[in-house]
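First chain A sits with chain B, and in the next complex the same chain sits with chain C.
And now, the complex of A and B:
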């Protein structure tokens, strides 16, 4: 028992690698004007399609090269991270608040509350998510807030389903019955007894959802349905990179790597955090 | 003096119409331990849950009364009933692992209830909790209070639950097979502990068990339950001296004796069960008629 616990408590490489990348990307995004080597919007036809630093023809100060308009790729990725993180946090938190609340109510109270909520979730999940997102943005209009809203509207069901199942399992445990015998009110039991036991899952889902929000935002940018096209976003950089894949592969490859690393890190970070939050695993 | 718990003609049915409790009557006098003994599935847990107001939603009480210290639980508003049950009763559960909240430390779990339900000051609740941990012979209360449930052994968790049950000074404790989930060596200690605290505090206990050996050790009175029906009730000493009902005798014959473990491993006599089944079917038929 003790051995298992120390090995679990020791530094988990997964947590540190994923957390390290996210922290780096987040700090770079927050302090983008300070750390970006160039202006992400500055075009210079003399500098177009410069290769990354280790290839012949690279220019100092343009570490990852430039795109077909001569804009610095690294600076564009750093500034693109701002929108990615804003969307990730805002959309995931909104989806989490709505989904977890409804899931907790459905799972704990059961009965007609559960029947109504579960039915809504079933109907919601019948829509293919990407089409749903495109449709929603088309209706809501493009822009940061409608992208956030669209992701939250689509993905609250992920939280709702998982938290409902967990809350339902917890509600059958004897400690909940004991709390009822003691005379606690139903809402008090839900918040004080059941909620703490589903928090680890909420944390893991929240982190996973941030990764998913980053992808959805990139897809929307890719199909030109996200933020205004001037601001660099990872999706719009990928879309441009795709057009010049034969002349400048780096414009496609680096944003893809950034995106994948970030999404993977969010999901791994969430899983690792869950293990830490869980008193039984801890 | 009125009984601490008085159950009269309590019947319960499942949605498919099957009866799980058949006109159960039993009383627990103040300060007395009444054992409720029967095979698994007899409905012992169901009776405990009915008293504590936590029956599964699929089980419906269709007749009978439950009086807790003279107060008719069936006539109280739900809120008043919860308050009364919360203040006067406690449960010592079968499984000490799932009965404690895995994500909360033992200390707050124990004191919370005294503060929130009984309105005690935090300091008083804390003092009381430590006193009870001492009474259940927990030597290092500091560590236990700071622990999460999974950090304690099964025996320790059950001690915590016993301490928690007695801490609020309930009039009635329902103990539902409190030793069944424990190691044999720990079972005896826990049983002795419950008996000692019961004497000390004068708490009435409805002690649910399937084990006649446990009945003999802990109770003054005993009710024998079979298929949701009380088939015999007696003083414990009288029951062991002269069991009246055929089922009780069969149950005794099927209970292993420590002196002769091999000779006694036989099931309850089939002929006795067949007779009982017929008797109960006839009773059910008679019971259904006036109710449509």
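And now, the complex of A and C:
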């Protein structure tokens, strides 16, 4: 409700911060080769475990320090952002397309379509999601497309459940009945009348899902099942940091801060969009 | 009415479990990579491989394999783990108590933290205290258990090293336990020295799991309490001279708790799902940690067993919550 009040006056400061962070991280990821101070893969055992710049023993050019192989942490985080954002956008959009389509069909048509889709959703909800993701990536083979596919296969239910409920509510409204009387076909009504009314929810869920996808990718990297081990990802940096936590805390702290800011920003966006479009709150 | 509801629920539960069994079976059978080839030393002949495949039933068609496996499952035979060469059910039962203890301790913490902050927020509604609780719960909710676990490792494992960040119990300890429920059994045996050691290991993974759920409980319960607090019977209690805290605890809580209860049930399954990665993070020897190893080792029978046990747990929790809701909700009880 807080969000709804502020949305009329324009975005809240929190939303500005969230947007600012995401834009910064996205631009850094896109222009990674230009902005990263070092080669993210370059190992130099002479430079291992350098602390961040404000501590004694730091080297210029290695702002956030280095890991146990002497690789520059800031550059690895910037390059890791590429994979994080690719996974976030691709996986969330794929999950959204599948889930929203099925949710729309189940909610608008009801009957057998609804019963079958709802049963499948029930089955999906009985899987522990993290284990399901790890299992799928193990089956599909590690790699960017496997990670994206795994997240989409698991998380489409998030869209399906919400959109189904919304579409069900919409299909009972007068305007849908009017369209039917006016002679529109069922699929036409679904796409032209019901769909536009559930788009706000879809957009809000999409933003939340991007945050979730970033986390799942990090978890998969953490258990060493995401992308090839050469490419830096936020999760693989965290896994590395977890191991050298007593020798080099910064290797864990900085990717953790990066992940938390990114996830909070995506969820802020999602909440704000939800509040902005929600007719009850507005 | 209640019995009918229960039977329908039971039936859908079985269908769901059957569906889970099919999905997991199909998913791991399309996996590339031969688990049998991984078991044998490099010099094994094709004959050896064929014999071992037959031993694990991998030479039959996928449909045959599924029904052989399923008929075993129904009889309580989940097969033999390929990597650990032990009975799957035995392995699962050996690890399940550790996960259940962790999940239950986390649930208790979530209810305690969420309940307290909800009551406090409802009592102090409209003040800075409520605003503070809202911000804290918003953050606790947005940050998932995996990240909370890492934050806690940094804070209480490295910065102020007061808790253990690895394992379930100190390895040098002599454990007199008859069951795998170490924590609960240590309480019953009054071995509080062991309870303390177990708690020191369990506390941080439990908090990591509890925080997001605590936030949800806090938000929903506070909302329900604030709605109830304006109703006549609550106003009457206030007029009678009860303090605001007494009004909330004695009158409002009872009626505001029902929506929260349903939600806690669903969210508890998410919490259990979260144990998989949180156990890994803290090297806690539970079912989830074993599951990840099973996936990495391509131990098909073990993966199947673990996933099915998780699924069973999930549907059972949903069933219990649904029945509790039906029993507690007067509209359904007499409906």
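By definition in this document, the second predicted complex is superposed on the first by the 265 of 282 C-alpha atoms of A that agree within 3 Å, B and C clash if a C-alpha of one lies under 4 Å from a C-alpha of the other, contacts with A are read in each partner's own complex, and residues count from 1 in each chain.
Just so we're on the same page, a contact is a pair of C-beta atoms (placed from the backbone, for glycine too) under 8 Å apart; a residue touches a chain by one contact, two chains touch by 3 or more.
Because the structure is a prediction, the values reported are computed rather than measured.
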Put the two structures on top of each other at chain A: do chain B and chain C fit, or clash? fit
Touching A:13 in the superposition: chain B (first), chain C (second), both, neither? neither
Could you say whether A:143 touches chain B, chain C, both of them, or neither, answering first, second, both or neither? neither
Considering only C-alpha centres, what angle arises at chain A between the directions to chain B and chain C, nearest 10 degrees? 90
Thinking of the overlay built on chain A, is A:263 touched by chain B (first), by chain C (second), by both, or by neither? second
Between chain B (first) and chain C (second), which, if any, makes contact with A:33: first, second, both or neither? neither
Have a look at where A:197 lands relative to chain B and chain C in the superposition and call it first, second, both or neither. first
Of the partners chain B and chain C, which touch A:120 in the superposed model: first, second, both, neither? second
Just checking: does A:169 make contact with chain B only, chain C only, both, or neither of them? Give me first, second, both or neither. neither
Considering the aligned complexes, could you tell me the closest Cα pair distance between chain B and chain C in angstrom? 17
Residues on chain A in contact with chain B in one complex and with chain C in the other? none
Within their complex, chain A touches chain B through residues 111, 173-175, 177-178, 180-184, 193, 196-197, 199, 279-280
Within their complex, state which residues of chain B touch chain A. 52-54, 57, 82-83, 85-87, 89-91, 93-95, 98-104, 113, 116-117, 148, 150, 168
Contacting residues of chain A [partner chain C, same complex]: 2, 119-120, 122-123, 125-132, 134-136, 138-139, 141, 211-212, 215, 218-219, 222-223, 225, 238, 242, 245-246, 249, 252-253, 256, 259-260, 263-264, 267-268
Mind pulling up the chain C residues that touch chain A in the complex? 12, 15-17, 19-20, 23-24, 27-28, 30-32, 134, 139, 142-144, 146-147, 150-151, 153-154, 157-158, 269, 272-274, 276-277, 280-281, 288, 291-292, 295-296, 298, 303, 306-307, 310-311, 314-315
